[in-house]
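Chain nomenclature is as follows: A, B, C and D, assigned in order of appearance, with residue numbering initiated at 1 for each chain independently.
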Amino acid sequence: MELLDSFIFITLIKAAVVLAVLLTTLAYLQWVERKVIAHVQVRPGPYRVGPHGLLQPVADIVKLLTKEDLLPPYVNKPLYLLAPFLAISMALLSISVIPFGPEIKVGPVTTWMQLTDLNIGVLFILAVSSMGVYGIALAGWASNNKYALIGGLRSSAQMISYELPMSLAIAAPLLISNTLSLRELVMSQAGGIFHWNILHGPFPQIISFIIFMIAAFAETNRVPFDLPEAENELVAGFHTEYSSMKFASFFMAEYANMITVSAMATLLFLGGWMAPWPVAWGANLVPTVIFAIAGVTALYHGANPARKRDKLTLPVFGIIFLIIAGVFLLPIVQSWLLPLFWFAAKTGAILFLFMWVRATLPRFRYDQLMGFTWKFLFPVAMLNLLVTSFLVAWTTK
Amino acid sequence: MMNAVPISWFLTLSAILFALGVAGFLFRRNIITVFMSIELMLNAVNLSFVTFSYQHKEVSGHLFTFFVMVVAAAEAAVGLAIILTVFKGRSTLNIDDVNSMKH
Amino acid sequence: MDVILFLIFAVVAVVCAINVVVQTHPISSALSLVGVMGSLAVLYLLLGAEFIAAAQVIVYAGAIMVLFVFVIMLLNAGAETKKGRSYLIPGAPLLIVFLGLMAYYVQRYLFPESAVVRFGGFTGGGPKDIGNALFTTYLLPFEVTSILILVAIIGAVVLARKEIE
Amino acid sequence: MQLWLIPILPLAGFLINGIFGRRFSKSLVNTVAIGSVVLSFLWVLKTIFAMGDLNTSIEEHYFTWIQSGTIDIGCDFLVDRLTIVMLLVVTGIGSLIHVYSIGYMSHEGGYYRFFAYMNLFMFFMLVLVLGANFLLLFVGWEGVGLCSYLLIGFYFDKKFATDAGNKAFIVNRIGDFGFSLAMFYIFKNFGSLDFDKVFHQAASAPEWVLTTIGLLLMVGACGKSAQIPLYVWLPDAMAGPTPVSALIHAATMVTAGVYMTARSWVIFTHAPGAMDVIAIVGILTAFLAATIGLAQNDIKKVFAYSTVSQLGYMFVGIGSGAFSAGIYHLVTHAFFKALLFLGAGSVIHALSGEQDLRNMGGLRKKIPITFWTMVCAWVAISGVPPFSGFFSKDAILLAAYQHSPAIYWIGVVTAGMTAFYVSRAMFMTFFGSYRGKAHPHESPAVMWVPLAVLAALSLAGGWLFPIPAFLKAMFPAFEEAENHMLMYISVLAGFGGIGLAYLMYLRKPGMADSLAQTFKAPYQLIYNKYFVDEIYSATVVRPLIGGSRMVLWKGVDAGLIDGIVNGVGARCRDVGSVLRLLQSGNIRSYATWVLFGSVALLVAMGLLGGLPR
């Protein structure tokens, strides 16, 4: 019991759980993205490895691990090796302060679904994400390759520039919630969708949310701001010279950053793990309904004789979904599964937005990219912050 | 083993960092490195401020540190712009070559 | 625990600082300096300066040093050349005397061993406290600083424009 | 009461015209300039009606202007009967002259500039009149001086105009110096500059203090109101445009000295010595200026010396203790002298800039309106009853007789001379045959309507505005002895002057020249204005320039100061040539020195015990 109560032990357990889930998610996010883009482009996507390509991530990891780890002779070796490490560690570090759910009771232990809560949590995430520049900049420079260097320079300039509107956009909801702790931030948004910062009075933070999302796309070097790795100009940008696991590190860092900013958007604007309407109106039944519909749909399609290839997998999926729908009805797990569902649903929706945008939008030109943030995004964010602070000061006596 | 750090350790660390900054300023020839040595000295001083703040249980030291940071940011912006201009004009970063206002 | 933390990060800071001085390539120096700043941020946390620790990382490591790295990359600065006179002869002894005197005074006179730092011994360094002080007692310096920043921005723009011509 | 509106309106006009006037059309400039002054005049009227029986004065405090130690000076405005008289004169005649200027200035460059300056002048003049303490009065005093300088030098591309402006400015400085000293002395003795406080205490102050203050104030008044010995700037001031001469150098600004002394009557009534000095200076000025006026050929110069002479009359009135008579003459003089100047301006305008009397003549038929309006001024200034000049001049002369018969007799002679030179100017301008070349033409309505209004005022102003009765409550009672004999004598002197002029310039045109030949020496003396400018030049200006050049410049500045400075510089260079070796331009060597310095400081700290035990 003493062991279970000790702070370090619980933290270690939580860290292990979070890391395992996160890494799996990272691997499968890649699969999800390929599937989403494929479906946007009306093709099936990965389909060969495992049912519906579900084992594709495993295959990818195996491939990357077994590939030759090339070390070009002309690189600056210590920095070349340091860069991917920096990138991935900074990307994973921010997860430590993100709360996934409320305080829960697992057996005898009462703990928060969060690794640790800093009362400067938001600043911590900003700090860590600003350190993320180093990984990319150093990778570009240490490669001693002009494409890599240009990619690295572009990336660092872009990330520094977009950090400003991003910080301003973050500051506005903070004014409404009046805290820097991510946990308290979510607590302040309890009580339904109209208490979420995106719709909360005195000044709904819709503008702020949009700015945050645009800056987030740039911060993560995603389409339409993926100039650092614009393949038709820069081969592969800053990771041109990287291969094998080091290449995978950059890849994972990108996805981890995506998850971080999506989680941040959820926490800052969308009320974190809070349900959008009260339990009395059936909020607790939403996941059951969704999974039930998914399961029924899968079963229906599986029964369709035209889909020969799916005649086994789809019914299995359908049954699994129905089981999950049932699990959500169990009162024992509801206390922690429901918040987790809402958090994952919101974050997942934003992640889907990332993929959707990647599948549909073209790339900016570099000067447009810089002009956009300095001449439009930054002033708008500033104005939004001003209006928000005036209104907050007005309404709080 | 005692469970608290003497304040003088912090200040000594600050002095060591400051001395290293001075050393960098004196012994290095690259303008950028010299500039970074200045930043190192500023950081050392900041540590002292924060330590004093702890000693007096007063927030003022933090404020000074904050202002130092802000001024350092301004200084870096202007200083690096100057370095860029110098480099464009003279194609050198060696500080001993930059010893006259005119070129 | 506090002592261990202090020792770890003090050693990291000093090693990185020495690295700043001895590395011949500016980018290595810059990264070492980032290391110093990171360790200092941890020490700030130890001293109860949460906000300053975050600001240290965001402003110093995340902005100023990125700018340095950026410029080093832009100029593609190489390792420094050894020419011109060395200041080791007058500098090093002076420096040692300086450091020795400073350390001696600090240990001997200014802060006796009894004054100690414990984590959590001072909690007045949160964003709220800083904000309160910044917008009441230090309002004028704050405003002056913002003007300074504005001037610096304009100065940097002017200097950078010149080279385009 | 919103007294501040009165001066602020012209100031607003000045700002608008001064800043945007360059882009305005002439009619817009007119609207702004004249509108502001007329509104100001209307506000004065409104204020007067609002004040009711006018027996109590109004003081308004706006803000504390200077507060330092025991000095506490507010921006206060004061309105009493004296102020009302001045306000009406300033804004009323000011409005008329503004209207007149539309016509007169229509062909001149710098149109907006002229009106901007005029509005600025109105502002300062109104501040001068309204100010409730000496310092505020002084602000207006200096401000009108500035505007006078600007407007005299209005044609700044002509050297004589700028020189005249400089002269006016510099000569006025002497007077202002006296005024400043007077203010310092007042503050030292009474601890305040507010009129009511100062005058309240003045009655009980020792006489010599009041005499000193009175004489210093008199110096100030001499400068502004062109009295001996500081009158020399006024005739030259005619270099400015004629409306300026009428407004500033005849009707308003030059009477500021009279106003100031009348305002300070408490001080003067307790300082009989100062009163005597004022009376003597006044009568001497009146007489000397009148003699000079006899022989001038420039029409504006004649009227300028006439102005100096009439101002002398006003001071005679003040000096004799008849303050209300002085103010009375100030008002009537404002009417007829403004009219004379504007008429002269109309003549000059008609002749396209000709100012010499010898090139005029016979203009009676060609410009009849101007002629008839100027006739009104002529009879008024000559003291012909029952026109305005007669009443006020008579009041002054009566008072002077009670004070000292000698002053009275000189005054009578002066009155005769006044009638003579004005008649001379009139005859040479309008009668006889035309001697000039330009083609005369009558002035437009905007010019002759103000003339007509002023003519009416000149004729009727004397009994229309019984100033002495109006101001009776303000000033100490002055026993006006009914003495019809004296009145007849002065009237006779006036008619004598007119008759003599008629004889010399119309009946026997050669007589003037032959007289000038006969009395060559005196004629030359007055023709050359008693050589006062030359005397000043020889006794004051040249020694000053020479002294400055030889002693201050060559001796003190070049020798002593430059010697010291150059010596210091040379020694510094010697030291620097040694220290230069330290400045290698090498940053790292500097840094080493800084480090050396800090180590030295640390060592000193340890050795000298700067550390806590």
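Here is the rule we go by: a residue touches a chain if its C-beta (ideal position, glycine included) is under 8 Å from a C-beta of that chain, and two chains touch if they have at least 3 such contacts.
Given the structure is predicted, the values throughout are model-derived calculations rather than measurements.
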{"item": "Interchain centroid distance [CA atoms averaged], subunit A/subunit D, Å", "value": "84"}
{"item": "Between subunit C and subunit B, distance of the C-alpha-averaged centres to the nearest whole Å", "value": "5"}
{"item": "Chain centre separation in whole Å, for subunit B relative to subunit A (CA means)", "value": "37"}
{"item": "Whole-Å gap separating subunit A and subunit C, where each centre is the average of the chain's CA atoms", "value": "32"}
{"item": "Of all residues in subunit B, the ones touching two or more other chains", "value": "22, 26, 96"}
{"item": "Subunit C: positions in contact with at least two other chains", "value": "51, 55, 63, 67, 74, 87, 91, 95, 98, 102, 110"}
{"item": "Graph class of chain-chain contacts, one of line, ring, star, complete, other", "value": "other"}
{"item": "Every chain pair in contact, whichever chains are involved", "value": "A-C, B-C, B-D, C-D"}
{"item": "Complex interface listing, subunit B residues touching subunit D", "value": "22, 25-26, 34, 95-96, 98-100"}
{"item": "Residue ranges of subunit B touching subunit C (in the complex, touch as defined)", "value": "1-13, 15-24, 26-30, 32-33, 35-37, 39-40, 43, 46-47, 50-51, 53-55, 57-60, 62-63, 65-67, 69-78, 80-85, 87-88, 93-94, 96-97"}
{"item": "Subunit C partner contacts - residues on subunit A that touch it in the complex", "value": "76, 78-79, 82, 118-120, 123-124, 126-128, 130-131, 133-134, 137-138, 140-141, 149, 152-153, 156-157, 160, 163, 180"}
{"item": "In the complex, subunit C residues that touch subunit D", "value": "87, 90-91, 94-95, 97-98, 101-102, 105, 109-110"}
{"item": "Subunit D - residues contacting subunit B, complex", "value": "584-588, 591-592, 595"}
